[in-house]
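For reference, chains read A, B, C and D in written order, and residue numbers begin at 1 within each chain.
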Amino acid sequence: MTKTAILLVHCPDRRGLVAAIADFLYRHGANILHADQHQDAELSLFLTRIEWDLEGFDLQGAGAFRPEFAELAERFEMDWQLKFSTDRPRVAVFVSKVDHCLVDLLHRHQSGELRCEIPMVVSNHPDNRRITEFYGIPFHLTEVTKENKEEAEAAQLRMMADAGIDLVVLARYMQILSPRFVQQYPSRIINIHHSFLPAFLGARPYHRAYQRGVKLIGATSHYVTEVLDEGPIIEQDVARISHRDSVDDLIQKGRDLEKVVLSRAVRWQIESRILLYSGRTVVFD
Amino acid sequence: MTKTAILLVHCPDRRGLVAAIADFLYRHGANILHADQHQDAELSLFLTRIEWDLEGFDLQGAGAFRPEFAELAERFEMDWQLKFSTDRPRVAVFVSKVDHCLVDLLHRHQSGELRCEIPMVVSNHPDNRRITEFYGIPFHLTEVTKENKEEAEAAQLRMMADAGIDLVVLARYMQILSPRFVQQYPSRIINIHHSFLPAFLGARPYHRAYQRGVKLIGATSHYVTEVLDEGPIIEQDVARISHRDSVDDLIQKGRDLEKVVLSRAVRWQIESRILLYSGRTVVFD
Amino acid sequence: MTKTAILLVHCPDRRGLVAAIADFLYRHGANILHADQHQDAELSLFLTRIEWDLEGFDLQGAGAFRPEFAELAERFEMDWQLKFSTDRPRVAVFVSKVDHCLVDLLHRHQSGELRCEIPMVVSNHPDNRRITEFYGIPFHLTEVTKENKEEAEAAQLRMMADAGIDLVVLARYMQILSPRFVQQYPSRIINIHHSFLPAFLGARPYHRAYQRGVKLIGATSHYVTEVLDEGPIIEQDVARISHRDSVDDLIQKGRDLEKVVLSRAVRWQIESRILLYSGRTVVFD
Amino acid sequence: MTKTAILLVHCPDRRGLVAAIADFLYRHGANILHADQHQDAELSLFLTRIEWDLEGFDLQGAGAFRPEFAELAERFEMDWQLKFSTDRPRVAVFVSKVDHCLVDLLHRHQSGELRCEIPMVVSNHPDNRRITEFYGIPFHLTEVTKENKEEAEAAQLRMMADAGIDLVVLARYMQILSPRFVQQYPSRIINIHHSFLPAFLGARPYHRAYQRGVKLIGATSHYVTEVLDEGPIIEQDVARISHRDSVDDLIQKGRDLEKVVLSRAVRWQIESRILLYSGRTVVFD
């Protein structure tokens, strides 16, 4: 597989930006594979994702790239990130009892679809230990109660720091994370909500969808912020239902949505396809 | 085309209900074409739509049917309606300036897809007179202001009563109907809302969808009740959007959704496919 | 969970059919939960699926039902089947190396979504032994070569007969079954084809879809007949692709389609929702 | 509205290509609004669409651009086109009796969604004269028979040449164009086929879809080439059907597909979003 570098940039829109970046890359021997540049006219911002072949590129590694690129980045006031297709982010998956999203992620990871490391699955219930360990991944049980919540989170955060976790995936984890926890992983916690947000924020969305009589149910993956279910949306999808579907059928149909909607978000995050700005995401798919 | 009768029933669930109705129809010579029977287990209700060929049926017309069916209906405490495929409900279409839903309905009506009469298009703006009259339909301009609203509605209601209107379709009519108006046409006013309800209730849903950064936009057709945008949902659909779409693009993509979502609701209503109960609809499609 | 019986019938269309069945069920104490009756006008056939609560029904078991129903069935020339929600069909899953459909089925089975027994997974490769055995299911390796094909199939058929297999699911099994094999399980072998049939019949459909430049890829689940990829279609779905998708991306996106399209077919088969007639299926969902 | 220029390029993939184009545009004062660059790894081709604000760009008009860009284009062996958002291509719409695609295009044109001129509607039947003229567009009736086909086409081609037609849209035109006609408008004739190509090539696709028992019906817009229904696909979409749908219902549901699938293709063509290469299209949407 071709080894590539990926540059994600957003900055104030300015003439010459594309030329400056393209010229910089060319001078260092880059062969651009894909580039997507987009102006947000309303906010006067420029957003771009550029991916190039590393073969022949003379700045190997972030350490070599950063000082060379710094002047340009500063001149255009860029908010930028550099990633490599060989990077394998370290992901902690959090789960409670319901297992379909976990099982789906573990299988996609094993099949090579998700190019990341999963050094740990964290759960407040013992139920998913067996399947996690089948896939060769350490399973950490941290029971969380009202009383020990602060302490439990502190233990989780220590464990994650020790393991060098880059990304947290909440694969139907039925605990609300404290602001303190969320602040440790800003824009690096992805959750799956089982509704078409912003409809049915909060608990029991399938029951409320049934009561309201909607004709489609949805699922939404989003970054977790301190405001519950209000974080930037990464992906959404829906499925048609009818009067023949009970609440249980909704829950079952919803599972298939949740799996694909969460796994797409995780994959896009791993492949550095998501640019977050002004509370919204751009997905360069 | 086969002439058919359609019976819509909902009632408390009880053994023998299907047999009783089927036996009644058989004794009167009905050949059943489609039947859909469904139990709502949660509410212990039985819901059904039965359609039969009128050829050979010995109770021609509602007048002949009603007294014969009355005993059965009473025994099972049925809430029932009888319709005929030859019925052509009389529809008033309300519209403001934006014309895509109106034009779509007029064309579907002309092509025979919507088997109804449209004795009038009512508008608070003169813009859509020409296209309405092209299709041979009288156009009534009723300017509505804060001051004359009560009076304007009274005039509309009189006109509709005179024309024997059965159904009101709000095809992007940008006026909120008063409770008094709504009460005159209970469950007989269909509106199109340009969002995936219950997300983005109220005004300017596309702008709010854009701000929130959703990945799909939607449209919802529903019956109008006295509570704005809270009436029973008839149909919904969604379309995918991306960062390449401005608010104007959302509005444009939304138009195609609005047209199909509204026209399906109108067609289902005309074909007696919608059963309304407990604030929700069942669509026997 | 409510124990129910399901009656699937197709027969020449005739007046009194619905009444006769409903009356029969009522006389034996059935409480009908769902019924769907449909006339195929073109073929003058009547198709129905009726499901009723077994509580209070006085013909418990197929043995009691059959003789009582026989006269009616004969009079209307019915092709009929009786199933019970407590029946758990015995399913053999066939798979080669690619594992996503297998893993999906095993998980859905374990989670209770697929109410069947899976007494065996059969494969021509050893790769999927570990995951199969994780789920507690016996794994049978039958290597198939040009030379031993007849013999290998004979061994498989014996094994399946011994295990009382009702249904065969080809979950990406890369061998063409002989007519002799197919004849042993008429309309009881379900395959997943990785294209939107009848487009791209045969091998390598994703490659051909890519070459042809289609904008949607699909997957199709169908009954296996002696003519390759021509059996009655049970379910289909599609996903949008773009120029950003390589053939490998198509294959990856296709996997998600294949899983849902195959698992829906298997579930509908298990729940007796599929009526097969004239080379087509009706799915009473 | 912002006046923009659009450059569409495909050429052999080579280092420095993006930089060379971006640098050229920057030197002439362009502010890039959107750019999408993509490498087709299999064919070693580079494909791009770049759109920039014309304000401040010092090469106004194709006449000024061409000589300046020529050297670059030659050096990289580019196949390129330059378009302007103010260009309004001149479109001839061909139609037979069935009117839904025509009516849809005329309305979208009037509402400003399709930024083109429509100097003529051409038909082999008189049926659509009235609606065409309502929208203020000249209607040309050219009856086509087996005997006069050559002559009729010659007359059409002359008329189109006189009117400076850039694009031909076959909006359900039920005549097969001769190779001679097609050669006059290479990659400039867009057709709507009422199936999900390559399934159901040729005539009566809805009837054949019904016979085959597919679960989704589709529509495909494509460029017309000399081989019937084999031209490069521009857009496709599908809709779900069930046993409740007769062939007539398929035809009716198909109409909504045909309208959106054709109108998207026409809009993309007008907005210079389609890049055609190797018998396939890339749509930069």
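Please note the rule applied: a residue touches a chain if its C-beta (ideal position, glycine included) is under 8 Å from a C-beta of that chain, and two chains touch if they have at least 3 such contacts.
Predicted model only: the values in this text are computed from it and were never measured.
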Cα-superposition angle relating the copies chain D and chain A, to nearest 5°: 180
Pair exhibiting more inter-chain C-beta contacts, B-D or B-C: B-C
Chain whose mean Cα position lies farthest from chain B: A
Mean-CA-position distance for chain C and chain B (Å): 37
Numbers and ranges of chain D residues touching at least 2 other chains: 34, 38, 41, 242, 244
Parts of chain D lying in touch with chain B, wherever the complex brings them together: 34, 99-100, 103, 107, 111, 113, 131, 134, 242, 244, 252, 256, 260, 285
Chain A - residues contacting chain D, complex: 2, 13, 15-23, 25-26, 29-39, 41, 56, 240
List of chain B residues in touch with chain A within their complex: 38, 40-42, 47, 196-200, 212-216, 218, 232-238, 242-244, 246, 279-283
